[in-house]
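One chain, chain A, appears in both complexes that follow, with chain B as partner in the first and chain C in the second.
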Partner chain A sequence: MDAQTVEQDDVHKTIYDYLVEHSGVNVSGGIDPEENLLDSGILDSLGIAEITEFVEKTFDIAIDEDEITSQNYRTVTAFTAFCREKIAASAK
Partner chain B sequence: MSSKVKADLILIHAPAIYDFRNRDDFVLGWYASQESSNVTPIFEMHPLGFLSIKSFLGERGLDVKIVNVASLMLKHPTLDVEKLLEHLEAPVIGLDLHWLPHCQGSVEVAGLVKKVHPESFVVFGGIVSTYYAREMMQYPQIDGVIRGYDTLEPLASLVDQAKRGVRGRFAVENMIYKDKGEVIDNGHSYTPEVLNDVAIDWSKMFPKTSSLLNMPNLMVLPNTGCQQSCGWCSGSRWAYQRMMNVEKKTVFHRRSEQLAREIMTFPKTESPLSVYTLQAYSESSPRLLDYLAAVADSGVVKSVSFEQFRLTKISVLKQMVEVAPNLDIYINLSPQSHDVEISRLTGRGTYTNEEMEEWIAAAMDIGIKGVYLWYTIGMPKQTHASVMETVAYSARLMERFPNDKIIPTIFGMVPFLDPGCQWFEEPDQHGYTVFHRDLESHRKSLTQPRWRDAMNYETKWMKRDEFLPSMYEAMQVMANHKADYGRITKRSIDIVNGRIDHLRHLTTSIDRAMDADGRLPASLRREIGAHNDEILSYAADVALVKKPLSGRWYDDHTVPREIIDACVRERAAA
Partner chain C sequence: MDFSFTPEQDAFKEKVTGFAQAELNEGDLKQRDADCVLSRDLWKKIADFGILGLPFDKNYGGSEQDIITTVLAMEALGYGCRDNGLLFSMNGQMWTVQMPIAQFGTDAQKDKYLRGLIKGELIGAHGITEAEAGSDVMALSTTATRDGDDYVLNGAKVFCTNGPVADVFVIFATVDKSAGSLGLTGFVVERDTPGLIVSENRKKMGLRTSPMAWLTLEDCRVPVSARIGKEGQGGRIFNNSMEWERASILANLVGAMEYQVEECIRHANKRTQFRKPIGKFQSVSNRIVDMKLRHETSRLLLYKVAWLKKTKGSAAMEAALAKLYLSEAWVASCQNSVVIHGGYGYMADHEVERDFRDAVGSLLYSGTSDIQRTIAARALGL
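Moving on, here comes the complex of A and B:
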């Protein structure tokens, strides 16, 4: 996917689909955009490293170790917003 | 020159192999993955004892600094180690040779230390140093070895004397050393009842980063030695009785007060803190429960894991969950084989698979968060077929507990059988053959191109050549079962399969090339070099996901940035 042409909604959908497919716990009922991904176990330590690598490759962005914070990775909404910012910054 | 790191004692942790950088003549990490700790194949974790030594000598007014050379070399690949060592200054410089995989690296780094600091007293310690103390006197760079499971008093005494200018005839218990070339053995009389009687200060061990990748993980060691006598373990009752100058009592506990003090220093971290409680199988239930309650009360810990030798009584499990309702409790069991006969021969086998399964079901009902099961390759009567049967059993187990965190792991006892353990000392009686006995042959073996030359043993049931193929097959099939039962993700399994296939390809290509004409072709060396570079950026767990090589408690907290910069720059300029 070309980073510059990622539509806003695509970012959300890509992340959401990835989480549903790779979650460490059963999320067959879907994931609430405000659900805490860390507390619920949807993202464990391995999952965090993997989703980071995934969005870096998919959106052609670089995420710094210090940006992998609970603030940015807390919910689907927060993580989508964070990725959008990175995509916007790398498009400049 | 930029500033110096000065102390009364500097403790150095060396990489397992020096210099592991730019090596393309052997494969790094063919044996590293044990999933038990977040380290690379150069084993950059130093003994917990370094922290005990720092606290204990600190309380005596002696300044101790820990320099983790292994971790610094990983983090700064162009670091000039000799230059770095020039920036250190202490009358006594200590290195650990605690784990045998460090036998090559620690002695080499000691050589560099001696070269740049001929006046400093270079002292070694740790379990393997205790076993090889006398042989270690042959190396000109090693001045002394302090033996024992606890060296706090002797080391304090050595540093105090050296600080006062004493350079020979040291009154230091447990030390064997050289005085103007003469080897003097002070014996092994210091065997304290209480282990490491001091509290480690964990408060500043984790950086103030909020990165979720820096999952802070610390370890508590409430005792050393063991009541059990597993034949393959140099920490066993049998081995301690022969190595540590102890008789009836072979487990040495720390005082509960010190554990409580230590827990009080646990820091509040951004990501949840987890605590790995080592050797918990030698703790009584009341002590374990007190400990757990104190950890829960600290309010900063999310998960605790324990090792248990027997199946913990259900009533105790209930109490564990009751005293620490807010903690995720994980239990480690090590049956070693699904075959109870083999399990018994390893010193385990105190329960059958059926009993274990019933126990797991009850533990899950009570609220234990997960159970890790450890299986090992290299045990008596164990054939490759038996190994694969263990893997198949593990799959059945995961099938039986589809939604629970039951995580089986299998790994080879490679490359070494512990010097000092019963089977190393009495190999014939137990069906073992030992190939390397002394330290020097172990040292040489680790940098041989062929992996089998590093193996120091084989069994009547599995020959040296069989170990690696068996281990790779078992690990790979196990990992695929784990993916099938949702224990690891689909992406992880692709990484694992790729990694093991590649290791298999490299190790067999090396064997073939060496068999053909005793040398490695340039193209193969390039492949090995690329593999080694890559693997060093991974932690050793089977998923091999990139994790930061910093922020762990054992990473270096001492050497200031300006010294690092000077050493990296100076080398680049040279």
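Moving on, here comes the complex of A and C:
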């Protein structure tokens, strides 16, 4: 996917769908946008590395190790906002 | 993949083998094993030879060797030195104490600790595992609470290799339990810090010359300057250590497997039953061939990890596969070795019995076989 043509809603949907498919725990009831992904087990330490690699490839962005923080990865909302910022920055 | 070594690497490996054979088998290993004692004399020899500093910065006493040279040196030590516990303790310190400080620590931390660790003047230990957080180590519950210019640590650690004799501890705690693995944070804690309680040596099945302690942290106050890296970086620091440790501890095992095959061949050619050397019985020779095959395949996996780490920087899946295969191969070969030596192999005054006991720990430390399979499966997209 070309990062510059990614629609804002697509970013959210792509991330959401990825998490539902790859979550380490059962999320059949869906994931609340404000649910804590880190302490619910949806994103364990391997999962963090995997989703980072996934969004880097999918949105053609580069995430610095220092940006892998609990603030950026805690919820779907926070992670989507972080990815949107990265996409916008890489489009400049 | 190119596994050809430079003439300097080959020569260095030979030099390390000679050193290990000549210097690291001194003293009464059987007695040390029985008494659960780490030899400080041999530790100092390892340091003086430069092993503890191999891949580390010259400014702190290291020699900045690449991972391939380091792995070859470790293999040579495993081949030449019979004290598996000593080598285990050494690896524990290098990859889970020195490496986090070297890669994520401040210059002041490196100056204060790394230099002394490389020189063999300080001994380091690593505390992450807890009673309720073993394989699921990122779920640890030791807390680090910021209080002005300090952190206050509270919790308890188990299985801390080198703990009873360590001067410094790299301890992992969470600064925010709700942040999961992104709350983990590493600290260097000095032994005499009030609130750090170190148990006596805990006895175990093997690797007895590598002492182990349980730790308690009770309002253990450390300055902010004791933090390694940033808050929340602990998971990354730990995973990085594990990748190094998996590659390097295994290198010792590959060397030990080579020695073991040679020793079994010697025994099988010497021991006579039914008026023949037992090596002439196919059941025995086949067993040795299987051991040789395990040694050769283990070595290839190990070199691949070292090569990938050198050329690509990371090799998480390959390190997991190598750890899984090598540890299981080592245990299987140790069992074969006991059987090849018959009843003598079972006796406590014979080193094959000790190797077998030592080997079992390899299925557990640096992540159990199940966990290595989990890492590999996830990397395969399962």
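Worth a mention:
By definition in this document, the second predicted complex is superposed on the first by the 92 of 92 C-alpha atoms of A that agree within 3 Å, B and C clash if a C-alpha of one lies under 4 Å from a C-alpha of the other, contacts with A are read in each partner's own complex, and residues count from 1 in each chain.
To be clear about the criterion, contacts are C-beta pairs under 8 Å (C-beta built on N, C-alpha and C of every residue); 3 or more make two chains touch, one makes a residue touch a chain.
Treat the numbers as computed from the prediction; the structure is a model and nothing was measured.
When the two structures are aligned on the shared chain, A:Asn36 is found in touch with chain C, with no touch to chain B. In the superposition on chain A, A:Glu53 contacts chain B only, with no contact to chain C.
When the two structures are aligned on the shared chain, A:Asp66 is found in touch with chain B and with chain C.
In the superposition on chain A, A:Ser28 makes contact with neither chain B nor chain C. In the superposition on chain A, A:Ser45 contacts both chain B and chain C. Comparing the two complexes, residues 38, 45-46, 48-50, 65-66, 68-70, 73 of chain A contact chain B in one case and chain C in the other.
By the touch criterion stated above, chain C contacts chain A in their complex at residues 138, 176-183, 230, 232, 235-236, 239, 316, 375, 378. Against chain C, the residues of chain A that register as touching in their complex are 36-39, 41, 43-46, 48-50, 65-66, 68-70, 73-74. Residues 209-215, 270-271, 403, 488-492, 543, 545-548 of chain B are the ones touching chain A in the complex. Those residues of chain A lying in contact with chain B across their complex are 21-22, 24, 26, 38, 45-50, 52-54, 65-71, 73.
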